[in-house]
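Below: a set of structures, written as structure tokens.
Paired with chain B in one complex and with chain C in the other, chain A is shared by the two complexes that follow.
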Partner chain A sequence: MNSMNHVVQFGTEEDVQVLMEKRRHNGTLWQAVFMFSVSLAMLFLIMLIFSVVNTTFGYVVLVNEVESSTLIAQKDSVSSFTRAELEQVAFSRLSAGILRRVEYEKPIADRSDEELIALIEQYIIKPKVRKTWGLWDSLFNKIEIDRYMAENEGSYAVFRSWVNSSFLVADQSSDPLNAGIRTALFGSLWIILVTLVFAFPIGVGAAIYLEEYAKDNRFNRALQLNIFNLSAVPSIIYGLLGLAVFVRAMEPITSGALILGIEDSTANGRTILSGGLTLGLLVLPIIIINTQEALKAVPDSLRMSSYGVGATKWQTVWNHVLPASFDRILTGTILALSRAFGETAPLVVIGASTFISIDPSGIFSKFTTLPTQIYQWSARPQGAYRNLASAAIVCLLILLLIMNSTAIYLRARINRKKRLEA
Partner chain B sequence: MSVKAYEVNMPFVGAKSAENPIIEMKDVDIYYGDFQAVKKISMEILERHITAFIGPSGCGKSTVLRSINRMNDLIPNARLEGYVLFNGYDLYDERVDPVLIRRRIGMVFQKPNPFPKSIYENIAWGARINGYKGDMDELVQTSLQSAALWDEVKDKLKKGALQLSGGQQQRLCIARALAVFPEIILMDEPASALDPIATGRIEELILDLKTKYTIIIVTHNMGQASRLSDYTAFFMVDENRTGYLEEFGDTEQVFLNPRNKKTEEYISGKFG
Partner chain C sequence: MGCMPMTSSFVFLMRYSKRMMDPHKNSFRRKVRPHERFIEIMLFFCALLSIIITVGIVVILVKESWLFFKNPQVTLKEFFTSKKWQPMIGDFGFLPLLNATFTTSIIAMSLGVPIGLFVAIYLSEYASEKTRAVLKPILEILAGIPSIVFGYFALTFMTPLLRGIFNAERVEIYNTASAGLVIGILVLPLIATMAEDAIGAVPKELRLAAYALGSTKLETVFQIVIPAAISGISATFLLAFSRAIGETMVVALAAGAGPNFTYNPFRSAETITGYIVRISGGDVSYNSIDYNSIFALGLVLFIITFALNFISRRISERFRQEYE
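Let's turn to the complex of A and B:
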């Protein structure tokens, strides 16, 4: 083609340049828009993390119910007590009931100094939270904290990390300084286990049926449409369904009365089993759809090569299709479970306990979960509960992060194994 | 045409002769939903011969090929009318289980598609699921030898099959088909995804296999069809895009002395 033709088809050099300029400009504009969206998302994420971290650490101003100097003269801190003084105070000041329980759990003589100090602080000194400050104020607004202390006789400030080892192992308590999430953590883990055991086999099975067996007829198309719709139903509606079906209608089963013969159950069907089944229903459509996508991604040529040597449908699915899609199925399931892990509304609706300090012992126990606990703490008016809620959020986020990383790790591992074998 | 009464085994009894074709098609129409893909296909395929299907794209070669081992059953909405006889038995009798047919009528696809497993497992799996009772190591070796692949892979049987080259993968697929003791091997453009050298090796292999197996091969390569086949089926499409058999006969006759003007044009490269 000669240059004359070129001009006829694409215009003069100038035309080409003008158009090119416009095309470049267009590209740059869109790039800027996308960058802005990403920056905005990052900004909100940073704000979220900042706000959580801010309320998880910081100064707490406390007032003691009993000053240590009134226990042992001229000693301003329990930590300066001698061993003899610690034991003496413990025996003389603890109420008879508490003393008996403490001695039963572990004799005072056998306890270390640190354990005795903690014991005396919790039961005798009884520091009470007056006011809490966030990390930001603690670092940059210490003056205000000092002023507050000056105004309040006998108050003192302690820098506190609300996430700490005792927070993880303590159960619920009306005293924010001693409250923890152990019960909620166990509740969450139990529930997620029930959800997994219920939703994984059914979800994967349903997906295999729909993808590999179901004929393309009106009934199956309606079924598919329904599953899509179910995955978009708000979670609170699953809560109402769970309340009606698992808690009320199936109470004899979900309370354990029918199976274990538990008669005095106070749970009334508001058990881990009910909660797990409700969340199972919630994630079922997600697992089904995800598994279907995973099965769709398996090339048909693999199925054909299996049928070609005389395999049945089930042999094809079990030996070739499932192994080829297992990584996706697994990661999708873990992600669905992490969604269930963070659900609050349906569990509140079916009646997660507001205050229990007994660890769940099985699927027929009453329960509370981490998100429910966060919800309840954040609804309290006292400031210290907000710090507890934040600390629990940190724990929840870390757990979710672990779950999601596990998903990514497993996927990479299975993929590598597949590549090596193939 | 006479159809024998249903038997699970459908044994081959006739001698190797034109009176007893291993496959006989009579007025076969195949539909995908409302669309008629091929019409009125009638032909006879002789045992231990190579039959080539040629014709322009979309004329239904693959469709007819798949109907011989009932692979079309796997396509939703696919439907067949007419008769396909295997050793004289109706392949589409409602009592026939396609799974049993596909062991006896194997298939090799256009794109090499070994299982994403070890070389050994690629061969052994089909035999195992079909209840093979003999020595598996031996079967793997003989199958690979028959597919002219043994020497290249004997030291890495436990290695993954996808690490082989395209041509090796295709020979592995042939070995895989051989390992379940088929009577017929259907090949749908088995060399079209391969380079000329690999293609040459596959062609040699196919000629070797003719002594033991009946082979039907779809090919776009006229040279390949004339080099390999004993019989040639030339397909065409009508104005409704429905395929039909334009000419069927001795390869030599079809290529050198076509009865049909369209066949002559196609073979000489005027269209297609």
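Let's turn to the complex of A and C:
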């Protein structure tokens, strides 16, 4: 019976031809499916970048609280004011408190025209965001914007890049037009510094132990397995660990009360130190694994020749193995740190997302970071905060790009060195 | 730096040879070097810290969960069977959170698994060196983007897209479908890269043998290469699934705040991770039932992801022994 079937299936040449045709057809079809998947993956990246860039630029419809023509008759824009008019408006319209603060920071007479214009816009004219449009709508759907402006009296449209120099240096503000990421940037840098100082030596040390010293026994295998498992633990679990250990149990230390005697404990242990240590625990397994890879790449002949001239184990590691693998270790560490740089969940869990307008001044300061700032802004329903979030994302991605290209540059240099040595 | 080792070993040699010439000293006896031993112990403690972290995670999660379950309001039976999670008014059933977590993860996997696998197949079997040189960095870029950016993408792009395609009345502003799809994009590079490694580890001889028997490229891929790499591929899927379950920022932004037991992916529902972030973000006071509840849920999350990672690791270890 079985053999009969075979005869029928592969019997005539024609049958084989048909079958072959079908198989080839299948092959082409599936290849198209594979290529389609690849283009989908690329499309996702393009959509992601598009959605961020789209909301970073575009028209903003504003309404002024005070029209400039009411300040100086017949002048529709502050930029057309003369110097004398600018100073006069500043002195007469600013409230006493603000005027005192402004004069204290930098006397009005010493300020340039541009600074005065910015000052008057911020405190007197006070433009308010009515609605924002993305880049796409701004370019191809201008009619809708015009219609909106016609419906709302006194409104005017300005094309705005939400990433600009004042966005980088301004601190948090409830007014989207004046909000910036300075405190968040400082917070992120402080956190990364603490993470690096904590995780780098311990991570490299652990990797050296596992690669150079550890004998292949049960305990060390368990150690290795444990590190792999830790690297796959969700980051939010590290946040819970940090909350219970650094923020709560070690509060006297992490809030600085024990060391510096800081009595003002508004931070409650929710400090840069806690955040940095939490992220340090998070990236530790990654640094260990990356460093192990780097140490594995060092040829054994180097170790053997070092032992051959009588060096001890540590002398071999310190003088030969580490210098030979240092570039790779650095690359792996930078990649691990860029992971920490974009990490949000653990920092939100340990309490980073509070509103802060003072720059962090040390490891015992309260903090906010760039990703937590993005989270805060994205979570708000008002349109303009979305624009702020996307502007902050652009900054975050650029910083990550710089970090990663440094790593890639180092990797390329290693390869070149390798080729020269060979 | 370069001449340092030379100098030190030279000095060392000089000292050593002097001692060799002295017949009264047993120069070949191993010299006791306390600092070498000290360094080794220090390094060992660095490595041991990883165990301490694991123990720390387990101890803290269990301890706080113990406080949670010790609370007279909470019973184990309610925790595992009730479909209501409202700690404020004493409802402690974690099923809505678990259900939302699995909804988003399953949606993520149904997008990420086929596309990730197909990308892996294309990269390792079809693509030329040049195409690979373009595609690999794209995957790396996608893998390097922080999850908060994906969360923003879900909220501002995917949700409006879904509301545009399906009816805006049927799709809520916060919904698990949008979050799930974006998590799928997030785990895609992970699946593609790891599955490609698994497929690439299949020896070339197997493919050649298949061609010699007259099979087409596609038949070789589906009937020879994939079955040979199946353990590595399934390990990848498990790891990606655990990533999707533990993913936080995407669901925190896009899936909605407020537990909701629903099978409808277009409705908002809070996941385990989303709940933890929302509660802890709002300055929760210690020793409150809220504070303890996030640790209980953290424990659940840890157990699920740890189990998935462990199985994944086991499978891929078995796989490695097959070909090396």
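One rule holds for everything that comes next: the second predicted complex is superposed on the first by the 371 of 422 C-alpha atoms of A that agree within 3 Å, B and C clash if a C-alpha of one lies under 4 Å from a C-alpha of the other, contacts with A are read in each partner's own complex, and residues count from 1 in each chain.
To be clear about the criterion, a residue touches a chain if its C-beta (ideal position, glycine included) is under 8 Å from a C-beta of that chain, and two chains touch if they have at least 3 such contacts.
No experiment lies behind these values; they were computed from the predicted model shown.
Colleague: Taking the superposition on A as described, I'd like to know which of chain B and chain C A:311 touches: first, second, both or neither.
Modeller: A:311 contacts both chain B and chain C.
Colleague: Does chain B (first) or chain C (second) touch A:215, or do both, or does neither?
Modeller: first
Colleague: In the overlaid three-chain picture, which partner chain does A:301 touch, first (chain B) or second (chain C), both, or neither?
Modeller: In the superposition, A:301 contacts chain B only.
Colleague: Is A:254 in contact with chain B, with chain C, with both, or with neither (first, second, both, neither)?
Modeller: Neither partner.
Colleague: Once the two complexes are aligned on chain A, which partner has more residues of chain A within touching range, chain B or chain C?
Modeller: C
Colleague: Could you tell me if A:56 is touching chain B, chain C, both of them or neither one (first, second, both, neither)?
Modeller: Once the two structures are laid over each other on A, A:56 reaches no partner at all.
Colleague: Looking at A:375, would you say it contacts chain B, chain C, both, or neither? Reply first, second, both or neither.
Modeller: Second partner only, chain C.
Colleague: Counting only touches as set out at the top, which of chain B and chain C does A:278 meet: first, second, both, neither?
Modeller: neither
Colleague: So, A:319: does it touch chain B (first), chain C (second), both, or neither?
Modeller: both
Colleague: Could you list which residues of chain A make contact with chain B in one structure and with chain C in the other?
Modeller: Shared contact residues on chain A (touching chain B in one complex, chain C in the other): 306, 309-312, 315, 319-320.
Colleague: Using the touch definition from the top, list the residues of chain B that touch chain A in their complex.
Modeller: 69, 71, 74, 76-77, 99-100, 102-104, 106-109, 111, 113-118, 125-126, 129-130, 160-163, 173, 176-177, 179-180
Colleague: Hey, which residues of chain C end up touching chain A in the complex?
Modeller: By the definition above, chain C touches chain A via 1, 4-5, 8-9, 12-13, 16, 33, 35-36, 39-40, 42-44, 46-51, 53-54, 56-57, 60-61, 64, 114-115, 118-119, 121-123, 126, 135, 138-139, 141-142, 144-153, 155-157, 185, 188-189, 192, 216-219, 239, 242-243, 245-249, 252-253, 273, 276-277, 280-281, 283, 286, 294-295, 298, 301-302, 305-306, 309-310, 313.
Colleague: Mind pulling up the chain A residues that touch chain C in the complex?
Modeller: Result: residues 23-24, 26-27, 30-31, 33-38, 40-42, 44-45, 47-48, 50-52, 55, 201-203, 205-206, 208-210, 213-214, 223, 225-230, 232-241, 243-245, 248, 281, 284-285, 288, 306, 309-315, 319-320, 323, 338, 341-345, 348-351, 353-354, 371, 374-375, 378-379, 386, 389-390, 393, 396-397, 400, 404 of chain A touch chain C.
Colleague: What part of chain A is in contact with chain B in the complex they form?
Modeller: That would be residues 215-216, 299, 301-312, 315, 319-320, 324, 418-422 of chain A.
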